[in-house]
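One chain, subunit A, appears in both complexes that follow, with subunit B as partner in the first and subunit C in the second.
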Partner chain A sequence: MFQALFTSLLQETTQRSLWLAGPELALTAGIVLLLLGRLLGFDKLIPPHWIALAGAMAAFGLSLAIFYSANSTDPTAADEYFGVYFSGLMTFDKFGALVRLFLLLFLVFVLALTVLSGIPDAEDGPDFYTLLLGAVVGMLLMCSANNLLMVFLGIEMASVPSYAMAGFLKGRKQGSEAALKFVVFGAGAAGVMLYGISLLAGMLGTGDFQEIGLRLTVLFGNADGTLSDPVRAATIRTLLLALVMIFVGFAFKLSIVPFHFWTPDVFQGAPAEVGGFLSVASKAAAFALLTRLVLAIMSAGTASLQDLYLILGIAVGVIAAVTATFGNLAAYSQTNMKRMLAYSTIAHAGYMLMAIAAMMVLQSGRIGGDTSLAERSSHAVEGLLYYLAVYLFMNLGAFSITALIRNEIFSEEIEDYRGLGYQAPVLCVGMGLCLFSLVGLPPLGGFVGKLMIFASLLDAGYVHWSMWVILAIGGLNTVLSLFYYLNVLKTMYLTERPAGATTVTFPAWSSAGLYVMLVTVPIIVLGVHVQLVSNAARRAAEVLFLQ
Partner chain B sequence: MESVGLNAYLFVGAVLFVCGIVCMAIKRNGIGVLMGVELVLNSANLNFVAFARYTPLGLDGQVIALFVIVLAAAEAAVALAIALNFYNNHLTIDVDRGSELQG
Partner chain C sequence: MSSEYLLTLIVFLPALWALPLLAFDGKAADAIRYFGLLGTALTFGLTLQLLMQYDLTPAPEQLHNGMQFYFSVPWIENWNVNYSLGVDGISLPLVLLTGLVSLLAMIASWSIEKHLKGYVILFLILETGMLGVFLSLDFFLFYVFWEVMLLPMYFLIGVWGGPRREYAAIKFFLYTLAGGVLMLIAMLMLYFSSGNSFDLLHLAEVGQGLGKGFAFSKEFQITAFLLLFIGFAIKLPSFPFHTWLPDAHVEAPTPISMILAGVLLKMGGYGIIRIAFPICPLGAQYCAYGMVALGVFSIIYGAFAALAQTDFKRLVAYSSVSHMGYVLLGLAVWKVGEKAGDPNLHYWRMGVNAAMFQMIAHGISSTGMFFVVGILYDRVHHRDLNKFGGIAGLMPHYTGLAAGIFFAGLGLPGLCGFIGEIFSVLSCWSFDKTLAIIAASGVILTAGYILWTVQRVYFGPAYKGPHGEALVPLLGREQFVAYVLLFFAIGLGVFPNLLFQYMDPSVKTLVDNLDASVHPQIIETATTLVP
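Showing the complex of A and B:
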């Protein structure tokens, strides 16, 4: 019997799991090569960024191949192709394939940026790229997690290298302070989340996502049981406690109020390249994981659970609205570009969390028996995915242009950007596009993303009116955010360059100029050709709501 | 020997968890905060092992506990390196002295 088990495990691993985990393996191979290069001394011959870039490209190629094969697999054979792998710890579907594709594309862009801006010097290169690739492996695990263990493992694997990257520049007071704050907050949040996971896993007797919803239904029995039953009330309290604790861990990763304190400090203290990486990649992965976890918990349920889920959905919506408002208000008074972008990151996490809230409210209605809601809540996830795709380019653009300007004028203060618009047009026009897209002005991609999320909020309002309030707050926030983003552009274009300031010459047809164009052009493309990504996003979102 | 039952373990775990949270909240010394984190992680571990013994979670709980031990070690290594870096720049490990980044 043991041999049969072993053979089937071996078959599953070699024939299916290893291929699906290809991108992770490629990145890991890159890490091993980087470390061996240090050990054997061939890092002098081959620069570490080429090794890292080769690993990232290989991983991206593999994930692209997996993505296409996932989308071209005919639906009849789909059952064998999709589903869990690595004996149930991970799962594979179009959703995971798409987010992994985003993340690896982003990794390639970040690596190119570090090569152009030269932030890890030749001495530190291997260490920096090892950490960067390691963090991305953790994020890839987060996208396809199918077990509570993998939730914790993925989040920690993504976080621990990020802590080190935040304090990467040695001998900088600000950098070391940022890293210490990051690690203290992060480790605390991870500990609380782990305790929540232990409660949930212990209560349900499983960590498997497919099982969670069913066990909850069993635990809460038939619809006629009331909440006044003391045993049931205690179970509900434990469930709530566990869910809140798990949400703390996510709120930290997503920098959601009231767990956002680290964000501005870390983004200001860390190099802009690291800030850009953290603000996009860790958010995308955490949102993918949050979507999976929420849907696993809400996949089935009884009437008493339905009310609970509706309340949770509204609570998440309120937190999202508070987060967006706080981020936008705090961004006003900022004088440092990176710090302002950090607050804008908080605000955008709020917008994206609104999509999750809309999905939760719609799902709670679906448990009530309205089957048409499955399709409608898949639109919320579609909006979230589209927003993430646009956010990848616009936020990376803003951070990378901040880094490139820093290399020219050695400052990240908004005040020092005065009159830069006429000296470095490529940088400033690119920055303008990114900022307008962050506001959400048409015809840029940010507009479409926001429109999709707001549309699903409008739809969720038919289940519960509070979503319309959230929608109104979201709309108001968009208007609010216009002013502080425009302030940067006003400084760049409407004020004179002060006498004695360094003259910046930034040729458009240099590799850095081309990089800026490469990052900013997709923002316009995503705003005009919505179908380009929205079709893939819709297909990816639909599979989550099949059962 | 008679077993004390699941609740006794969960109670010890909860006490450890609260101790860890209080430690994180009131300690000003960076190393002290990290010790609080270790307490919290280990309280969760105790839960997992207890659930593994008394509930259908079974071996999964023990496997998770093993993974958490490894991750806690990795996290402690990184955190101590960062604390050392902070000390090199500030000549103190008091977390309140990190006040350059504000606003």
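Showing the complex of A and C:
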């Protein structure tokens, strides 16, 4: 008996799980090498960034191979290939494969940026890259988590290295303050979230995502009992409490209002490279995990929960609208580029959360019996994935150009960018593309992503009208956001470089110039050749809604 | 040339032409100017080629829902977005106008010195955006081109403009983007209610109750129409969305003012007639009276505002508000008769024709007016009407040309401005007599501010303002631009049929289809399938 169990576990692990966890293992190998390099002293021979880059490239290659094999696998053979691994703690599907691909591509870009911009220096290299790779391992786990336990583990693995990276510029008071603020907030949010998780797990007796829906159906599925029944109402209250507390943890990671307070300080205090990393990678992973968790909970097919889901969906929509509006309004008065981008990050988290809200509202309608809604809610996830893909490039572009400009003029104040457009055209045109894409202007990728999310909101409005209000607020926010993004370009192009300011010479054909082009050209490509990513995003989204 | 290549080339030639400019040395000013000029001239040549190939009496098999040269290739298949272009009698004159005004504006750009390379690149991208708007027949594509114009325009006003350029540029951008967002929402609404389509021709069929299995209910059409209308009215601009226009015009450099007045404003009118009306006929019908009233109010308001200005360019800008009021008036005089084919329909057809003509005529005359103002500003560096006077004595040749162009703007019979104004006012008579009388009285105000301006600037005692010594006679290229514009102003005024022969068949089809679609018996049979 035990022997058979052990053999099957061994078989599953060696034949399937290890291959599927290949990217994580490659990154871990990179971390081990980095640490050993310190210990054995070969870090003087091989610079740490090469080790980190090799690990990241290997992980990226593996995830690409997995992604392609996932997409070329015959759907009828799905049962053997897709599904849970590591005895149910993780799951593998096209959705996870795609997000992992995004994350690792992003990691390669961030590593290249740190090499170009020279943060960290040779002394701190191994530490920094260990933290960076470690955070990404956590994020990869978040993308494929299939258990409430893994939710917490993944989030913490991603967060703890981030705290240290935020304070990485050790000499700077601002950096240390930011890191401390980040830790305190993070610890608080994690505690609340853990409490929520334990409530949910305790109530349902399982942490497994596949089981959650079934247990909820058992708990609430009794057709003759209504929700006004006092015993049942107490259960509902507990469920609601658990969900809200779990959401707090996510809201912290996603910097959703009112859990956003750490964001501006951390982004201003941390180096721009770290800011870029945090703003994209941790968002992408957290949104992937949130999507999974929400769908796991909403897979309960009982009509008695329909109203609850609808209300939750509307609540998420309202929070999203408030977040987007707050981020955009607060960004107005910023004079520091990184702080401005921090508020813009908050606003964009709001837009992306709108996709989740639309999905929730559409799903709640599906429980009501409209089967066409499965496909429609998969479009919301498709929009979210597309947005994340574009966001990867446009936000990384904005942060990396900020870092490159900082290396030239030693300032991150928008004021000091005056007239820069005529001295460093590559940097400023690149920045222009990133910022206009963040506004959501065609023919740039940001427009397509925003359009997809708005389309889902409009569609969700047919289930409940409140989504139309959210859509209107989203549209209004687009106009609001224009002003502060344009302010940067106005400073760069519409004012002359003041006399006595550093003259910047930034050749287009240097490695940094090429890097800027490499990051910004995909923004245009994603805006024109939409099929390129939207096909993959659609396939990835659809698998989540197969029942 | 096959239609796919011709239309695609017209749209993208300017933008492609901008690519080699990147390799130019920024100091080789003349090379850049001539290269840019060649690009716009070639584009204009291609639009003339389109005119040659355009068939006035097409065989039915040449047409696709009234469109010639129609073609469509999939662009984003998941979203059913197509790259579809086509041209009919409504868009053809506007495409030609765009080609012409861009060419003339490029010639007028010779005085630009600052960052010339960037200027020409942005100028060419702008031209691609404008041509794309007039040729695209897919809503998504239309929207992309519509927004693509914003970026170059922002920088063209913001970098090369006057003292308050930053304010004017951001105001222009914000207004248009706000309108664009409304349009976007309407676009998505239509998309979901029409079986996931962005095809303007399909949407029009659905809106007119001919969609197979789909239809828009009346409430739906009114909502969508209002969203679209506000988006387009901002561009038109109609009162109360016009306030960006005087600022943008005053601060923009002369060639950009010419493009703004000559082409960009027409996009509002074009959008109303190409998108808002055909797709939401019930909404258009519902709002008709309001639109006519708004048009008439814009005419009067713009004229009074123009009377009050002391800045020459601002005066011309307000005259645009006034003149574009006739466009709105002409488009909207839609009175549904008791039965199909009611005589009222002829008045509406006349009104739409007049509105289309007025767009072209205003494109000629206001381009000319801004150019004429620019000539003076280049010389004396101010635009204060109170400091002018006596220019006629110093620059008689220029004064003659300027007077001709101003009279075209005034609407003097025999010049292009007359046709559009008179027909739109006439068509209004059957719609609502009071409004027609008010609109007609606008002509007096127009005559008032233009004659008064001509008197203050060109006649009177000798010029005593600043930089009097700089008032040298016209340069060759300035003469060329002014003569070309005057030529068209007179030509279209004497032979209006040159334009009407292209417009009228398309307008007639549109008017007949729309009227048939709102007729009560059709309203009853149309099923409301809006989810």
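The rule is short, and it goes like this: the second predicted complex is superposed on the first by the 547 of 547 C-alpha atoms of A that agree within 3 Å, B and C clash if a C-alpha of one lies under 4 Å from a C-alpha of the other, contacts with A are read in each partner's own complex, and residues count from 1 in each chain.
We adopt the following convention: contacts are C-beta pairs under 8 Å (C-beta built on N, C-alpha and C of every residue); 3 or more make two chains touch, one makes a residue touch a chain.
A quick note: this is a predicted structure, and the numbers were derived from the prediction, not measured.
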item	value
Touched partner set for A:Thr206, first subunit B, second subunit C, both or neither	first
Partner chain(s) touched by A:Val160 [first = subunit B, second = subunit C, both, neither]	first
Partner chain(s) touched by A:Val183 [first = subunit B, second = subunit C, both, neither]	first
Which superposed partner A:Pro264 touches (first subunit B, second subunit C, both, neither)	first
Partner touching more residues of subunit A, whether subunit B or subunit C	B
Subunit B versus subunit C as contact partner of A:Phe152, first or second or both or neither	first
Which superposed partner A:Val318 touches (first subunit B, second subunit C, both, neither)	neither
Partner chain in contact with A:Val244 - subunit B first, subunit C second, else both or neither	neither
First, second, both or neither for A:Gln174, with subunit B first and subunit C second	first
Which of subunit B and subunit C A:Ala300 touches, first, second, both or neither	neither
Contact residues common to both interfaces of subunit A (with subunit B and with subunit C)	none
Touching residues (chain side subunit C, partner subunit A) in the complex	75-79, 81, 115, 143-144, 147-148, 150-151, 154-155, 158-159, 165-166, 169-170, 173-174, 177-178, 181-182, 184-185, 188-189, 191-192, 531
Complex contacts: residues of subunit A adjacent to subunit B	148-149, 152-153, 156, 160, 163-164, 167, 170-174, 176-181, 183-184, 187-188, 190-192, 194-195, 197-199, 201-202, 205-207, 264-265, 268-269, 333-336, 339
Partner subunit C, residues of subunit A touching it in the complex	422, 436, 439, 441-443, 447, 451, 454-455, 458-459, 462, 471-472, 475-476, 478-479, 482-483, 486, 490, 493-494, 530-531, 534-535, 538
Residues of subunit B touching subunit A in the complex	13, 17, 20-21, 24, 30, 33-34, 36-37, 40-41, 43-45, 47-48, 50-51, 55-58, 60-61, 63-64, 67-68, 71, 74-75, 78-79, 81-83, 85-86, 88-90, 95, 98, 100-103
